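Dropping the structures in below, format is structure tokens.
After this come two complexes, each holding chain A, first together with chain B and then together with chain C.
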Partner chain A sequence: MMKWTLFTPELFYVAMAAVFFVGSLQRRVDSRRLYRWAVALAGVGLVVSVACTRLEGFLFFDSYKVDLFSQFFKVLIALGTFFVILVCSELHGIDPRKHAEFYFLLAVCTLAMMMLVSAVELLTIYIALELSSYSLYLMVPMRHRADRYVESGIKYFMVGATASAMMIFGLSYLFGMTHTTYVAEMVRVLPGLLHQPAAVVGLVLTLAGFFFKQALFPFHIWAPDVYQGAANQVTTYIATASKMAAAAMVIRFVGLTTGQSEALIQLLVVLSVLSMTFGNLVAIIQKDIKRLLAYSSIAHAGYMLIGILCMTQRGYASAVYYAMAYLIMNFACFMVVIKVADDGHNLQIKELAGLHKRSPLLAMTLMLALFGLAGIPPTLGFTGKFLVFAAALEKGYLLLVIIGMINATISLYYYLIVIKAAYLLEPVREYPPVRVDTWTRILSIVLVIAMIYVGIFPDRFVALSEAAVAVLP
Partner chain B sequence: MNSLTVYLVVGAVLFSLGLFGVLMRRNLIGMLISIELMLNGANLNFMAFNRFLAPEPAVGQIVTLFVMGIAAAEAAIGLSIILALFRYLHSINVERARRLEG
Partner chain C sequence: MLMTAMEFAQFPVLSAILFSTILALLVILFIPDDRPKLIKQVSLGFAAVGLVLCLYVYFAYDTQKGGLQFVERFLWVKSLGIYHFLAVDGINVPMLFLTAVVLFTGVLTMWELEKRVKEYFALTYLLVAGVYGVFMSMDLFFIFVWYDVSLFPMYPLIAIWGSTRKEYGAMKLTLYLLAGSALILPGILYLWAVAGGNTFDLFELQRIGFDVHVQRIAFLMLYLGFGILAGVWPFHTWSPVGHVAAPTAVSMIHAGVLMKLGAYGILRVGMTLCPDGLVYWADLMALLATVGIVYGAFVGLAQTDLKYVIGYSSVSHMGIVGLGLATMTVDGINGAVFQMFSHGVMTALFFSAVGYIYDKTHTKMIPDLGGLSKTMPKASAFFIIAAFCGIGVPCMSSFWAELLVFISAVKTYPIRGILAVSGLVVSALFMLRVVQKTFYGEKNPKWEHIPDVPLFLASPRIILVGILVFFGLFPRLILDVIQSAVIPFVNSL
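Up next, the complex of A and B:
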């Protein structure tokens, strides 16, 4: 029976989903009370995930592995969920009658992603991935009084379903080549089979499913429309928490080859370059800040892939660190967007004008987060890019690093446009004052401190990410 | 040509037809059907590998059963979103749903 303690974080989120399921059955619900429940439960969930970090073991006929790698990502996912629920206090993007369902889907999606990072068996991985996708498919078109955005829901669904069909087809080849569905056994067999095209095709198609979640280049088409069409809080969730699980799975599956396949490395290099360049160039012309962040997320998926395609321990560790940094920076940006557009509309960049007078704290959070995304010291984004590029240089990918550097410079341009709007532009018309409650103030200060502290003293966090990837097979 | 190859070729053809359909069809229901076709290609692969190669005779069949169940859930979600879109557009043609240029 002791084994069930390994499953505690997931069980907690099952219970949380059950609470909101009951809530969704009530005829009348007070959305303030739901919000307080959600914050309390998500906070406890974060504490539970942190408390379970040191657990290790196998569950369910060895198809479920609890180790430092999976627990580290579970903490990141729980943190992302907690952050997103904290900024749901003004949930105008969702019909008040559907708030309970919104929290229910959020809990189910978090549960599914936690199962995904622990799953080490193909069928378990596939089912966990589908469960997390389905919750997101439903959350995207839930936006209140915005029928014209329903089409972003159908786009997300079609691209996602196609990517997952490609993934299961790839998994069928992997199963056929290695005669097993266990990842641990595959690691032993697969490197010897990589001279056969079917194995490489299978692996690439499998990765397609995760690239969709990460919004990497050929599967990025949904990102701008979905970011724009979904309610602000849902976008925040897609942009932060759901990226974490995808990054973990790409690391796990690329690790299957143990660096044996030249063809796969070349393909990943091409995808990474295309993703960075495309994302950064298109982001320049965006007017809507959520679309801008969508294209920037495509570029960041490319940076993260640089670390992963090194296929060394150091490369994986840098990617894990980058994922953590990205979660914090990106959330800080979205928090400002949600608070400035507190009636839930899509924020244009020009609406940020004069933010430093309307709310100096939010303006500073936004500036630091954007500097972090651009990779300017002393923020944690700089350390992340530094580690990723250092890992790539160690493997001798000089050209790739140069392209990455050029892209980082390009990205600085559009991040500066946003900062300029917040600090230098005078508003052309009177915007309503930004209401910043105590919680938001505390959250902003915590984020600012985290962004600078982790940037200046990264040692402990780098050591943590190295320890996390050390347990990978 | 042994019989495993035949099954794999049929599976690959089903998958390719499905992918082609998703990219070319302009009707949302048609696209949904094409996705099911892709999933069936994968199912056929699993069954064939299971029959000819796998040491454990049940794994591939179980995977196939799960994929069928998941495909049903996926179709339900897809149809519900299509219904929501239909109420707004009065059409299930994707050409009509292009206000947001991605």
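Up next, the complex of A and C:
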């Protein structure tokens, strides 16, 4: 019976999903009340996840492992969900009658991703992944008056289904080679089999499923359209919380090889370089800020992969730290987007004009977040890049690091364009005033402090991410 | 051991300097927008505090003992070996003094600013925090962090308060400099990784003594990376464009102090950690520096915009710094560091003088001006003094600096040295031509009504002139300090 305490965060989100399921059955919808419920429940969920960080153990015939690595990512996912729900106060992007369903799917998706980061058995992993994907497939076309954006929902589903087909094919190879579906067993057997192409192919195909979630080149094609087509809050969720689970799983599966496969490393190097370069170059010409952030997320998937492909403890730790930093910075950007476009339309860069007068606090949050994404000190984004590159140089990947840094310079160009819009441009026409309520104000200040504090005093967080990856097999 | 304990017990002057700027930044952020006067007074107050502390460091630094003084060191990030390590030696001390002077005079120069005052001074303090940080950190991680912190405020500073093609200039400058740091970071991390990945402490790394092969690669990356900021030809093109676009005090800080960060970085990081790399690349350094000196002078000859003239003369003068460093002799490096200091003060004076003229006439095109010495003799005098200093007239501090560099350059690299000296003649020609056309000659009646610069607004320029002449008359006072660090450094090469 004690064992079930290990499952507390997941059980909590099951309960949360149930609450909103009941809510969705009601004829009359009160969005304000749903919002208050959602904030309260997500807040408690975060507290529960944090409280369960130190738990350790196995569940369900050892197919489910609770350790610091999984719990750390569960906290990140819970934090992302909490953030997203906080900015749902003006949920104009989604038909008011579907608000309860929206929160329901959000809770289910969070639950699924939490299960994903703990799953250490191939079928469990696959089921958890599909559960989270299907919730997202449903959330994307929920956008209010979605006719124009129906395409993005279909596109997301098609590409996602293809990626998951590739993944299950890869999983079958892995099973065929190693005769086991348990990750712990596999990590023992697989390194000896890596000289056989089938093992590498199986692994790469499996990774493809997670690369799709991470929007790594060439599995990125859904990202710009879906980011643009989904409601702002849904995009925020896809861009923050769902990236965390994918990063965790890439780390877990790459870790299976224990650095034995030269071919895999080379492939990952190529993917990371392509992803960074492609994402950054295409982002330059974007006009829609969500599309811009989509391409920047493709680039960031590349940076994160640099840390992972080192296949050292320090490399994984740097990727974990980077994921955490990315969650906070990216959310800060999206929060500003949501608040400025509070009727839920797609924000163009030029609509940010004069933001420093309309809302100095949001402008500052945006500037710091973008500088963070560009990797400028003293923000936490810089520390993230620094750790990733340090790990890569320990393995001697000098050229890769130089390419990464050049990419960071390119990315600064388009981030500066956005900052320029917020701080320099005068609005060409009267834009509606930005309403910043007390909660947003507090959230902005917390984010600003977090971005700077973690950037200047990274010691404890580096130690935490190192402890998290130390438990990996 | 007792010694270090005593040093720790002292008042942490360096931290006080560094954090006074951050405190200034925070204080300014909390002053309401509608009190610009108060913001300026607070800025000036903090700048004065910094100046006093830097002067204290300058005079309290024991040149007999030499080495690192005012040491503050504690662990920052354990798993990577990052230290919060502040210290100064004979090279840093004049640089800190220079920063404080330029900041103080820069705040005074911008006294009449009206547009978005609060943001301007807040960003200036952020920029200066970065500069101080680089000049006193002895840990590679923090050198890089502060270096980047000093770069990115340049973008808003130029793009918001600038003039001629400001957005283009700001973007070009920011991207160039950040491209430079894209080489520095891999260089630093490379050395760190080769050394075993557990310390960023500059001197611990120095003791390791890297492999020649490693040094060559790392030195090239560090030299090019820092060199972009030092205006090394052919990576200098951001500098005239950026200086022209920037508002007066930002040009002062940027050309006066920030470009020195580049040269300082080459010296402190590149040359300290990779002496063998320096030996290997010194030829290239000397060549690029000489080309820079001659090229800057010739291009300067063709300019019609006063600020472009100064911009190209900076390229030329920073070439002298590069040439001095490349000689690897005591005199050469002494001269280079002295030149960094006097060029900083001189350029600040240049931009400050042009700033007043531009504020009043709204033009900085040489053909539009003319005969200014009759309408505003005092304002003109400042520019003319700076021009003399640029030419290297005796009794000006840059005379000594250039003399030292050229003597050792001619000894080490005869042909390049002589070419560089002849470049100086061209630069004298273009300076005198500018002075002649702008301040003498036909008087433009349009500017007759303009009042001469009042005493308060002239004060920053008076301070700068005073420093130039003072160190021109008593070069020993600064050379002793510089030498206390350079002699052991050259001996260790």
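Everything that follows uses one rule, which is that the second predicted complex is superposed on the first by the 473 of 473 C-alpha atoms of A that agree within 3 Å, B and C clash if a C-alpha of one lies under 4 Å from a C-alpha of the other, contacts with A are read in each partner's own complex, and residues count from 1 in each chain.
The rule is simple: a contact is a pair of C-beta atoms (placed from the backbone, for glycine too) under 8 Å apart; a residue touches a chain by one contact, two chains touch by 3 or more.
Here the structure is a predicted model, which is why all the values come from computation and not from measurement.
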item: Combined model on chain A where chain B meets chain C, clash or fit; value: fit
item: Which superposed partner A:Phe389 touches (first chain B, second chain C, both, neither); value: second
item: C-alpha centroid angle, chain C to chain B via chain A, nearest 10°; value: 140
item: Chain A residues touched by each partner, larger count belonging to chain B or chain C; value: B
item: Chain B versus chain C as contact partner of A:Val22, first or second or both or neither; value: neither
item: Which superposed partner A:Tyr423 touches (first chain B, second chain C, both, neither); value: second
item: Partner chain(s) touched by A:Ile284 [first = chain B, second = chain C, both, neither]; value: neither
item: Which of chain B and chain C A:Ile449 touches, first, second, both or neither; value: neither
item: First, second, both or neither for A:Ala408, with chain B first and chain C second; value: second
item: Contacts of A:Val47 with chain B and chain C, given as first, second, both or neither; value: neither
item: Nearest Cα pair across chain B and chain C, whole Å; value: 28
item: Set of chain A residues, in rising order, touched by both chain B and chain C; value: none
item: Residues on chain B engaged by chain A in the complex (per definition of touch); value: 8, 11, 15, 18-19, 22, 28, 31-32, 35, 38-39, 41-43, 45-46, 48-49, 53-55, 59-60, 62-63, 66-67, 70, 73-74, 77-78, 81-82, 84-85, 87-89, 94, 97-100, 102
item: Residues of chain A defined as touching chain C within the complex; value: 314, 371, 376-378, 382, 386-387, 389-390, 393-394, 396, 398, 401-402, 405-406, 408-409, 412-413, 416, 419-420, 423-424, 458-459, 462-463, 466
item: Footprint of chain B on chain A - complex, ascending; value: 122-123, 126-127, 130, 134, 137-138, 141, 147-155, 157-158, 161-162, 164-166, 168-169, 171-173, 175-176, 179, 181, 221-225, 228-229
item: For the chain C and chain A complex, residues of the former touching the latter; value: 76-80, 141, 144-146, 148-149, 152, 155-156, 159-160, 167, 171, 174-175, 178-179, 181-183, 185-186, 189-190, 192-193, 197, 217, 221
